[in-house]
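Two complexes follow with chain A in common, the first pairing it with chain B and the second with chain C.
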Partner chain A sequence: MRIKKNIAVSDTGFIFNPSSGDSYSVNPIGMDIVRHLNQNKEIVEIKHAIMSDYVCDDATFEKDYYDFTMMLRNYKLLEDE
Partner chain B sequence: MNKPKYTIAVTGLNAIDSPGPGLAIIRGLKDAKSFDVRIIGLAYEALEPGIYLHDYIDKTYQIPFPTAGQEVLFERLSYINSEENIDFLYPNFDAELYGFIKLQKHMEEILGIKMVLPTIEQFEERHKVNLYDYGIKHDIKVPKARAIYSTAEIPAAAQLYGYPLVVKGKFYDAKVAYNNEQAAQHFNKISAQWGLPILIQEFVRGSEVNVCGIGDGKGNLLGAVPMRKLYITDKGKAWAGISLDNERLLELTRNMVESTKWQGPFELEYVKTVDDEYYLLEINPRFPAWCYLTVGAGQNQMEALVNLAMGKEVEPFKSYKVGTMFIRYSNDLIVDINEFEKISTIGEL
Partner chain C sequence: MVKKIYERPIIRPLNSGMMNKFGTRTEYLPVTHIDGVSVKSLIAQYGSPLFVFSERQMRENLRNAKRTFENRYPKVQFAWSYKTNYLNAICNVFHQEGSWAEVVSRFEYDKALHNGVPGDKILFNGPDKTDDDLRIAIKNNSPIHIDHLDELYRLTEIASEMNAKPRVAIRVNMDTGIYPMWDRFGFNYETGQAWDAINKILASGKLELVGLHTHIGTYMLTPSAYGVAAAKMADLALGIKNKLDTKIQYIDMGGGFASENTLKGSYLKGSDIVPSISDYAEVICTALLNAGFKNNDLPALFLETGRALIDNAGFLLGSVIANKRLSDGRKATILDFGVNILFTSFWYDHKISPAQEFGMHTEDTVLYGPLCMNIDVIRENITLPPLNAGDHVVVHHAGAYTVTQSMQFITLRPAIVMIDPKGETHVIKNNETLKDLEHNEKMPAYLQKFKLT
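For the complex of A and B:
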């Protein structure tokens, strides 16, 4: 899965959906995950990357990762490859 | 090459909490690249803020309310035209449009004033009361609705559509009701202001998206910008909005213009459901108050419409900038009482 092609993502963490007009802000960790998703990385690679940058255990990462991607999906920002 | 200078008269100068489109149109006209303008304001009441905005409006005249009739209006416009030599006129209120459409031919032939307006058939057909049939005729999804003339008819309508439902005025205003008592309250309030009938409409849940555009009367869409309201006032008016990249909305708009051969400006009000279905709530046969967003997004539709009336070649706009926002603001004008006195007594300023 990745962020839909028409969704604008800025380096500051501002996400804009041009077809609905909705906009969102994500924090630096969220921005890192969005960036990894856009590079078509698998969850294992994303976990590795995030855990090397932030202090976090496996279970917390997975819970927060699924929460976050669920939210992105609810907001219709994600598409499956 | 020298640009022509047009004298353009504009109504809808009530830049209030439920604003008329006049000032937005004037801003668009002032931004026009292909002509210069002298703006004549046409006001109904002495407290319309536009009257006192001298940077936007060169001179304002009071005109009679639509209830005075077309003859009185024509007489007043003849006088104003004798002073100002008007090239083009932008009527902007739903309630005044009928009179202006009826006078259109006369105004062009006798006074030389051009307007681009829907035909009387187009105007009547898209009326809120007729919109459901209009949707069937032109293959557009429209929430079911019926016109009622008394609160006694509310329970029957509620039985058909269930609660919540929307209570709408024939020109303006719409309120959501959750039971018979609320519906009756809204009925009384709206009918006191806008008259009868009142429309009872099925409630469609979703987000409101609008399109501001112009049709050339031959089935061609000359320009269209979809917008989503980001901040809505308690009167349901957009206080902020953003232009959208929405091909489905543009397609629906193209189809509507092609099918109806719409002539002139319009605003389409849609509700988008969670299933991505679009229901047409209203067709406003004029520019909306937020129309300056189209200029900001790269389509000066007000300029295009004047050029169309002047017989110039008008190429349809091919694109617009997505993500352009507008944020409305309010301001206090300081006005000398002499100005208020002048417009109140001699009807000119």
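For the complex of A and C:
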């Protein structure tokens, strides 16, 4: 799972889709996840990275991660799999 | 390395050019303390959800309202509207500040007596007064506000039986230019019903007409309507003096002053559009003072303000149970309090603040209560920072009609706490228990046992 190549992602959490003209903002944790996805990391690695940076339990992250990536897919920001 | 505080990852579409001349709201600051007491500690000590009342705010509200009216009018008397919130501790805060009691049922009447209010300082309103209620009110010399002719005739008969002359007022309804016009209570001014009732009272010789009462509506955003009402009430009082040689002791303008809650569908927030107490005071007092009363005939001004004196003193604390995503992509958060205890969310968009620090990102969310019922929606749409399960929230302006209109439905009702001016907390009502609820239930003997196979 990774972000489409044509999607512009800024360091400050601004995302722009040039195909549709839509833009989005993500919060810092969302931005971290986007960066990890762009590095082709799997959920296990992403979870490990996030949990080493933030105070968070396994279940909470996993639940929020699936919700977040579902929204990325919903906004058509992810590569087709 | 110190770990950072976790916030749920969110992505939000940016909609430039959306119609909102005020821009994005930035009011969502965390509310971590109420009157210096931390929300976290309150929930830890008394549980969640939890109603919290600020005694300081209640006293401040009443003192401000009294000062505002007394600066403009020489004789002012507030009476605490029991139906707005009749928790005994709440009532007694207002009674300690000099408020009489305004009740609309025998249940409320008995509560006021039990709280120590002298009978002659309990204004008895409402359409439902039984013969026994009337007898008790006569015995206690309470001003009885007559709602309809049936009550007037019954009261006249009872007064004869008791050989007493009860003190009465009539409730008057009228056109004050607002819609809808409240004409279901009392006698109409324009059609002459009010005059008819007044003539009947004075002709009977069995009742002492001491006052005139009106209550033109609720959550009134138009102060000028009170000016119209006060002028019509003064016209009646002057007419009674001039034509029937009877001096009215008080004009009761009822309640209905708005609080700063935001009505559903309102484009602007309640705090931006609600008139101040001085706006109401100005029109009412001006109308009465300009009506033409001679100095000695000026009636006392009674006020039964409830909502505006307590709404901002009440808070409902709660916690996040869960977050979920709806099929249309909207975020939904389930809270541990529902419409059963926050009945007012049917007509208000209550302001709700997170009770912990958060980042700058927000998202549109639906707030649901915990009831397994589709109607249990606290806010259809609210912009909040991402809340995690276990986080706390504070509902503002939850002091009026929440406790008195709460329903025991599906779950038990929570405890209610008051914070005194020194910052000490006091339980003023324990949380409900199953035992409380089943106390009055009876089980027929033949239903006491069953066997499931």
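Methods note: the second predicted complex is superposed on the first by the 79 of 81 C-alpha atoms of A that agree within 3 Å, B and C clash if a C-alpha of one lies under 4 Å from a C-alpha of the other, contacts with A are read in each partner's own complex, and residues count from 1 in each chain.
Here is the rule we use: contacts are C-beta pairs under 8 Å (C-beta built on N, C-alpha and C of every residue); 3 or more make two chains touch, one makes a residue touch a chain.
Just so it is clear, the model here is predicted, and its values are computed rather than measured.
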Touching partner for A:N6 - first (chain B), second (chain C), both, neither: first
Chain B versus chain C as contact partner of A:L72, first or second or both or neither: second
Contacts of A:Y54 with chain B and chain C, given as first, second, both or neither: second
Touched partner set for A:P28, first chain B, second chain C, both or neither: second
Partner chain(s) touched by A:S19 [first = chain B, second = chain C, both, neither]: first
Chain C-contacting residues of chain A that also contact chain B: none
Residue numbers on chain C that touch chain A, as the complex places them: 3-14, 16, 323, 325, 329, 359-361, 386, 388-389
Residue numbers on chain A that touch chain C, as the complex places them: 15, 22-30, 32-33, 52-56, 60-61, 63-65, 67-68, 70-72, 74-75
In the complex, chain A residues that touch chain B: 6, 8, 16, 18-21
Chain A-touching residues of chain B, taken from the complex the two chains share: 207, 209, 227-228, 230, 241-242, 244-246, 322-323
